[in-house]
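Residue numbering begins at 1 within each chain, and the chains themselves are lettered A, B, C, D, E and F in the order written.
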Amino acid sequence: MDDTTGEMLGYTMETLLQAGALDVSFTPIYMKKNRPAIKLEVISEEDKADQLQKLILTETSTIGLRLRKAQRLVMKRKNLPVETEFGIISVKEARWEQIVKYAPEYEDCRKAAREHGVSLAEVYRKAEEACYQTEEGKK
Amino acid sequence: MDDTTGEMLGYTMETLLQAGALDVSFTPIYMKKNRPAIKLEVISEEDKADQLQKLILTETSTIGLRLRKAQRLVMKRKNLPVETEFGIISVKEARWEQIVKYAPEYEDCRKAAREHGVSLAEVYRKAEEACYQTEEGKK
Amino acid sequence: MDDTTGEMLGYTMETLLQAGALDVSFTPIYMKKNRPAIKLEVISEEDKADQLQKLILTETSTIGLRLRKAQRLVMKRKNLPVETEFGIISVKEARWEQIVKYAPEYEDCRKAAREHGVSLAEVYRKAEEACYQTEEGKK
Amino acid sequence: MDDTTGEMLGYTMETLLQAGALDVSFTPIYMKKNRPAIKLEVISEEDKADQLQKLILTETSTIGLRLRKAQRLVMKRKNLPVETEFGIISVKEARWEQIVKYAPEYEDCRKAAREHGVSLAEVYRKAEEACYQTEEGKK
Amino acid sequence: MDDTTGEMLGYTMETLLQAGALDVSFTPIYMKKNRPAIKLEVISEEDKADQLQKLILTETSTIGLRLRKAQRLVMKRKNLPVETEFGIISVKEARWEQIVKYAPEYEDCRKAAREHGVSLAEVYRKAEEACYQTEEGKK
Amino acid sequence: MDDTTGEMLGYTMETLLQAGALDVSFTPIYMKKNRPAIKLEVISEEDKADQLQKLILTETSTIGLRLRKAQRLVMKRKNLPVETEFGIISVKEARWEQIVKYAPEYEDCRKAAREHGVSLAEVYRKAEEACYQTEEGKK
């Protein structure tokens, strides 16, 4: 899109996520006539596609868009609470075959960092540490 | 592409558009061995694909490309002239279900801005204003 | 800038170059509230700075800009015509200490490529070859 | 920065703005060993520099930063309320020599768009229209 | 990906290429909550897809990925050695219909530039010159 | 730079780092005539500036560059070895006022990950854990 402003696009991202988009991203691209532009990509379940498409046409200057089906591989997820010195933090555990990953919930960590006057990185570190200790305890 | 220069790519974009590409864009990407590179994307009708493909292989250093069909949703367009204090400006009207959008033609606005010594933004604003007044007049 | 469109920025670049800017570039950046944005950079002689600054404030949405003096090192340049099978092409020769570089003029090469139905890269290659042959002849 | 995550950087931007930074932006860059990275730029008044600098060192992985003074040219700003069919919207008027610009306040427009079920662009358009009508009324 | 660092991604690129990926690239994108992020794209033969996919899930923070089949058009390639004043350089010749292109092997040129104390550009130029002379000799 | 290839730039980065540059980065920018381009930035001690500058003019197509002095704030660094189940890893400790940070050495972690068949992230995690345990032991 080369005729929408960044302000409109920031609003559009927020609106698409509220309407149920799984993921929204912007990629900077270059178009004809020396125009810096932005490609908007939205990932959604098939049954939401119609509504999101309408939203994009309403909120942005674009007059066309492309639809593509894609196969997705997603790890199985589960939320688990862990105890840290900054309170209880929810962690998203993801598993697929032998692979296990932990991702502390951003909003929980953010709140804890603010409340306890520490850096976000420190809260993440403690939450991850707690996950790995629990995991080793199980073995 | 990591072995073509920006100058060649600028020329390639111009050439592809002249040959009938619907849209051409560049995306900055990162490749192996610390190489900044550019992804060239071209959208075209199916019957032009062969010619454009040949053009890309001729003008750039690439030795391979990927083809993908995509479903497109495009709003119905119509050109309409509107009167402004800077002369007549052609406006592209786009409609789809309830959504209506107006996009003043860039080349008309550019010429008017130059001739009348005003900013491009002012010409756009006046052309859009004229569209919306006409639309409200109809109701 | 997060409240100007790509169309306006493309026009601004063209206008700044016509008004005597030495170089104009756009850098994609990310601003608050999820806004993709563009940083406009203009290089100019000091005596043009005032006029270009006014132009930026007129044509874009920005309400502020930053000025910085910088020391520049520029190689000494000379234009020289070279003969190729695609006609005479002007080449920019740049020298500094032992370093010599040749840059065929884009507009000449572009015209020759179109007239002779060859790729731009081929015209560049022939023009550069002619430069290096002349240089070796001199030794 | 090539060893901080996007999540940390998003948090850092929010934190810097809350602490009084005038502007914060990210630029995508390429670093050695094929690493995509981000340059963080912060503009601030001189008296806030120390605090913001400390914040950057606390919240991100960086172990060094560069300071540069720059001369700024900023248009004179004033807030003015305008009446629209979507309620009263605050508009930022900016003036410098003959140049006048209007920028409707994002947060006001956003709220109005949500409340009235219209697109953000429509609210902006109506607020700008109101500004220009007032201005012409004054002449 | 918004929760992996550039260091991890640089390593992942190296690892994917060693495991047989045909091409790996990063594209800078913008995600929600002001997060600068990176899209990782990998092109591979179908029979390697499973292994590479597992590698991505192991080395990065991502918990999901998308798979897409694409039709590829690749020019026919052949390696040919050419003699230059900097030693023998391997050149990749690519052909498709009437189009012929030469790409000197990067690693050969790099080594020759270092050994002979000349710029990489000079080695490339000499290797390309040798290719085109051979080609014209054949006619 | 709009007339150098990504391959040349990748080589230039490597060469600048070997010649003692403190940091080298590329930023994707957009130049006139629809040219995607790259800005090369090099940070160096003042006494290396001359040599690096010459190197840039030799290896790239640029015919000019800009020099800027900047004040730098750098945390005090110290290397310390830590023991992990993957062997001894060197960690860079950085301190400034109350702030302490640990950055495991990339090359050590990379080697350990390869030797022990684990992900790079796991090696980093263990090395960081060892640092924080040592630190808490001291209190």
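Following the convention adopted for this analysis, a contact is a pair of C-beta atoms (placed from the backbone, for glycine too) under 8 Å apart; a residue touches a chain by one contact, two chains touch by 3 or more.
Keep in mind it's a predicted model, so treat the numbers as computed, not measured.
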Query raised in the report: Shared touching chains for subunit C and subunit E?
Result: A, B, D, F
Query raised in the report: So which has more C-beta pairs touching, A-D or D-E?
Result: D-E
Report task. Please identify which chain has its centre, taken as the mean of its CA atoms, farthest from the centre of subunit A. Result -> C
Query raised in the report: When subunit B touches subunit C, do the two copies use mostly the same residue numbers, with over half shared, or different ones?
Result: same
Query raised in the report: In angstrom, rounded to a whole number, how far apart do the mean CA points of subunit C and subunit F lie?
Result: 30
Query raised in the report: Which integer distance in Å separates the CA centroid of subunit E from that of subunit F?
Result: 22
Query raised in the report: For subunit D, which residues are shared contacts with two or more other chains?
Result: 3, 7, 13-14, 26-28, 30-34, 36-37, 58, 61, 68, 106
Query - Touch-based graph of the chains, sorted into line, ring, star, complete or other - result: complete
Query raised in the report: If you look only at subunit A, which of its residues touch subunit F in the complex?
Result: 28, 30, 32-34, 36, 125, 128-129, 132
Query raised in the report: Considering the complex alone, what residue numbers of subunit A touch subunit D?
Result: 7-8, 11-12, 28, 58-59, 61, 106, 110, 113, 119-121
Query raised in the report: What does subunit A use to touch subunit E in their complex?
Result: 13-14, 17, 23-28, 41, 68, 70-75, 77, 92, 94, 96-97, 99, 101, 103, 106
Query raised in the report: Residues of subunit A touching subunit B in their complex?
Result: 3, 27-33, 37, 39, 53-54, 57-58, 61, 63-68
Query - Residues of subunit D defined as touching subunit E within the complex - result: 1-7, 9-10, 13-14, 26, 28, 31, 33-38, 61
